[in-house]
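Okay, got some structures for you below.
Shared between the two complexes below is chain A, which has chain B as its partner in the first and chain C in the second.
Let's turn to the complex of A and B:
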């Protein structure tokens, strides 16, 4: 087990990268920031499975691979199953003494977008967590099927315009609430579940390390700002993510053993949600007079949710 | 191999145990792309410049043609904070021994994130037109900005 020092960025920056450039993710994509950080958080060997999605189609474009680790892709939905299989085989071979280097530390990680995590791969993920494999699942949550043209997923938040939930004369975009995937995963009794964002690099690195260290299935939802579908200038990825965490639209917290909730980041100054919306084209229509009440409703929901998280943190249940 | 252009695959895939290379449309479902020419132990302990990348690694490819603007780096102002390193989505900030060395223009897509997160005043990274020579760009660096009151 070799976690990399993350006390400060200078130390962290001595990591030897294991995700190569010239992948085909959009300029400014947060996916690769998150993946790089996960891989840089440890020196252990990594076995990584990836669901179909932007990350997968962009990092394995024949004849190139951007992965310097063992990497498996099978289908849209089954990174959790693939990594379960790899982990089970590893354990079996260790038991049988057929591993070449049985003492080399190995970590098993799966990546999926929100489409493959919240929707298409949901039951595969649920099964893998219930079976208790020793792996870390990371959802790159950009709240949309970005790879196929921006269709809504069950992670798309209320009020966002997508190609299949379009804002227009009669609609303000998606009407249904975003699924609370963190709560659902915690309810599985997973030993470690968290939500983090790449703008808070240190919290994210710590959470990744905690997940890698924890035995059993861990789930981490990462906020992954999408310049293409959220419609903002690629240079602003971190700025938009700052707004996501500081408006509390994306609170940063962990849940240990399904009960112990800890808030990991409290903004010094909580910003109104409309600042987050104003930075992205997908929420543009919310500023029309007839849609203002949607912003007010979302602000109310965000406040209530923050209150709820704080109470749960206090109550330790 | 020289830096290849993406999507011009003149090479083939070697199926497990096979001698011959086959094309993408002939390969058995289930493909293995070998990142390295030779077996490597744990790449986390090997610096990128010392790794035996094969032609299959995107390290050997370039996306330089995606750029219309590019970041230029000014060593004189840089404080080696590594913000640009941690947030570059394209593994294009080269840092060694806690020092920022420069930009890998083969892999940089010109997104501009590194410039936005650079905290110095003036910034140690600025965007310039792709055609601008970095040496010329450095002569056009702005002065330190006074704090607005």
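Let's turn to the complex of A and C:
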């Protein structure tokens, strides 16, 4: 596989222009940073399937396409199945000798938002991982149904206000915990699973390369800060993401072969979670006196989670 | 290279095995499937072929029918031959993706063993699933027995993959009545069958990296209508290719197929229009009635349900006085779908026959020759009276009080 050197961001980020700039994603959306980084991580040909969501509706509006690579979108839930089919077809045609260029290196990738990954496409993803297709699934996790205007998903964290889990006079927003998708995917026995964030671009690029190089199904959860639904200034995407990783709300780690957990980023200074909350409108109501206890509870949960990940890392099981 | 299978001149196959053999002989590149009664043996038989070296392609057993059709679309967009099988609830779960497959103009073949749709849960054959696919943009062909299930499946690849068509194709057979009934089937030998189907011709494929393609774009009010209009035209235009393929198949095998199959219609005064195994039942009834009572009865059957053979139906029924259209699907607050199609076709002809509708055989309820005869005789009574003497829609074979809806307006 042809991997790109990961040294200089400017050089890396302009290596391959396979997602053309004229797309319709919001200014400040992290999706395009993540997608471009994946596409820049390799010079191999890419076959990409994308679930319905912000990325899809913003990049393939007829008669235009932003994709300078093979790309398919079927429905909200089935990119993992679509890529399974494409990968199976590649194997069959390679064996039968019917490929136009049988030696062309190719990687199969699927993208989905958290709505299509954690919720509606969960079964399709689980099936594709279980079957062991050679592909990488990347979840662009912005913790909300952003494309349809900000409804809760099972990735939405406790305390966030969404249009279907609203903060109000008697509600502090979403009450249910975010689903631990990384653990679930690791439990499938996938050879490589990780969670990364675009502010730590070198780590993210290396993780993408590792996933693309690994034979079999790999799952990467990427934190994708959403300026529109998280409610922050579009210029602050990376700053908000810094707060996500440095408060340990989003720990960055990988799990190899379902058991070997490695923490990939340790903040020099761990920040209190309220700094992350204070930067986003969706958590504004948590600072009301009657909701402060939610922040305290989340801080406790984050601390415990970090402790758990470190123990898992030490234990190597 | 896959092993070849030596077949006898006459094999004893049920409809499921016949369909599975056709998939094997077409050397499908990817079969992505999920089992469901009564089509399960199609994928089981295929699984046997895979396990014993008779298949070179990939066999992907997915976690649902929705995923099966989704994987089929992904595979088809990657430029090879694709097929799957399903029934009933599985068909219903696939429906979202059926529309996406036809909208993306990817050829693939779906073999359907027709079965009733719940609730109540029922595994037996009716045409509820087939009807649910009628607006999905697929070519839909209907086999009345195992031989036809085999023949039409081979034809399906050739039709759908033709550069003038590029649409997905369904081949229907009746659940259990065809799918599980062992019958004599005259197969082609492997080489002969493959030569007929031909090599797959990739077009706009995702694995040709010299020319990237985008599948599944979004269109709103600015372009959606034009896409759908073209797709509709393509489906109607596929009729000519279907005729060509049937003609070629006849040259090869001597077996003749037409988009509308007419039986004893030359001088028929009354007719039954039906789909599936019922066609054969009605044919027996027509023959017997002609001998026993001199009633000039005939049978008309759309071999191709989509594109609907509007003109051929008009020709087939040009001279009859009364027609009973049999729908094996619960119409739920409307006339039967086939009745509506036939009525629409005949309304624009100089001969507007008296057309009535029978809902029959739901959930696998038997439809005997005696009932077909009774229906023919009722048509004869309409013909003699010159008007419909019964309710326009009746239920045939249901227990309880007689069910009928709507009378003819005579003034």
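Here is the rule we go by: the second predicted complex is superposed on the first by the 312 of 317 C-alpha atoms of A that agree within 3 Å, B and C clash if a C-alpha of one lies under 4 Å from a C-alpha of the other, contacts with A are read in each partner's own complex, and residues count from 1 in each chain.
Keep this in mind: a residue touches a chain if its C-beta (ideal position, glycine included) is under 8 Å from a C-beta of that chain, and two chains touch if they have at least 3 such contacts.
If you're wondering where the values come from, they're calculated on a predicted model, not measured in any experiment.
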Superposed partners chain B and chain C on chain A - clash or fit: clash
First, second, both or neither for A:65, with chain B first and chain C second: both
Touching partner for A:27 - first (chain B), second (chain C), both, neither: first
First (chain B), second (chain C), both or neither touched by A:104: both
Touching partner for A:43 - first (chain B), second (chain C), both, neither: first
Which superposed partner A:131 touches (first chain B, second chain C, both, neither): second
Partner chain in contact with A:13 - chain B first, chain C second, else both or neither: first
Overlapping segment of chain C (options 27-35, 117-125 or 225-233) - the one that collides with chain B in the superposed model: 225-233
Overlap of chain C and chain B interfaces on chain A (superposed complexes): 45, 60-63, 65, 67-69, 104
Interfacial residue positions of chain A with respect to chain B in the complex: 2, 9-25, 27-33, 36-37, 42-45, 59-69, 104, 198, 201, 227, 233-239
List of chain B residues in touch with chain A within their complex: 6-7, 9, 11, 13, 24, 31, 33, 35-36, 42-48, 51, 55-63, 66, 80-83, 85-92, 95-98, 104, 106-113, 115-117, 127
Of all residues in chain A, those that touch chain C in their complex: 45, 47, 49, 56-57, 60-63, 65, 67-75, 77-78, 81-86, 88-93, 95-96, 98-101, 104, 106, 123-124, 126-128, 130-131
Contact footprint of chain A on chain C as seen in their complex: 29-30, 32, 56-58, 60-64, 66-68, 70-80, 82, 96-97, 100, 104, 200, 202, 205-210, 212-220, 223, 227
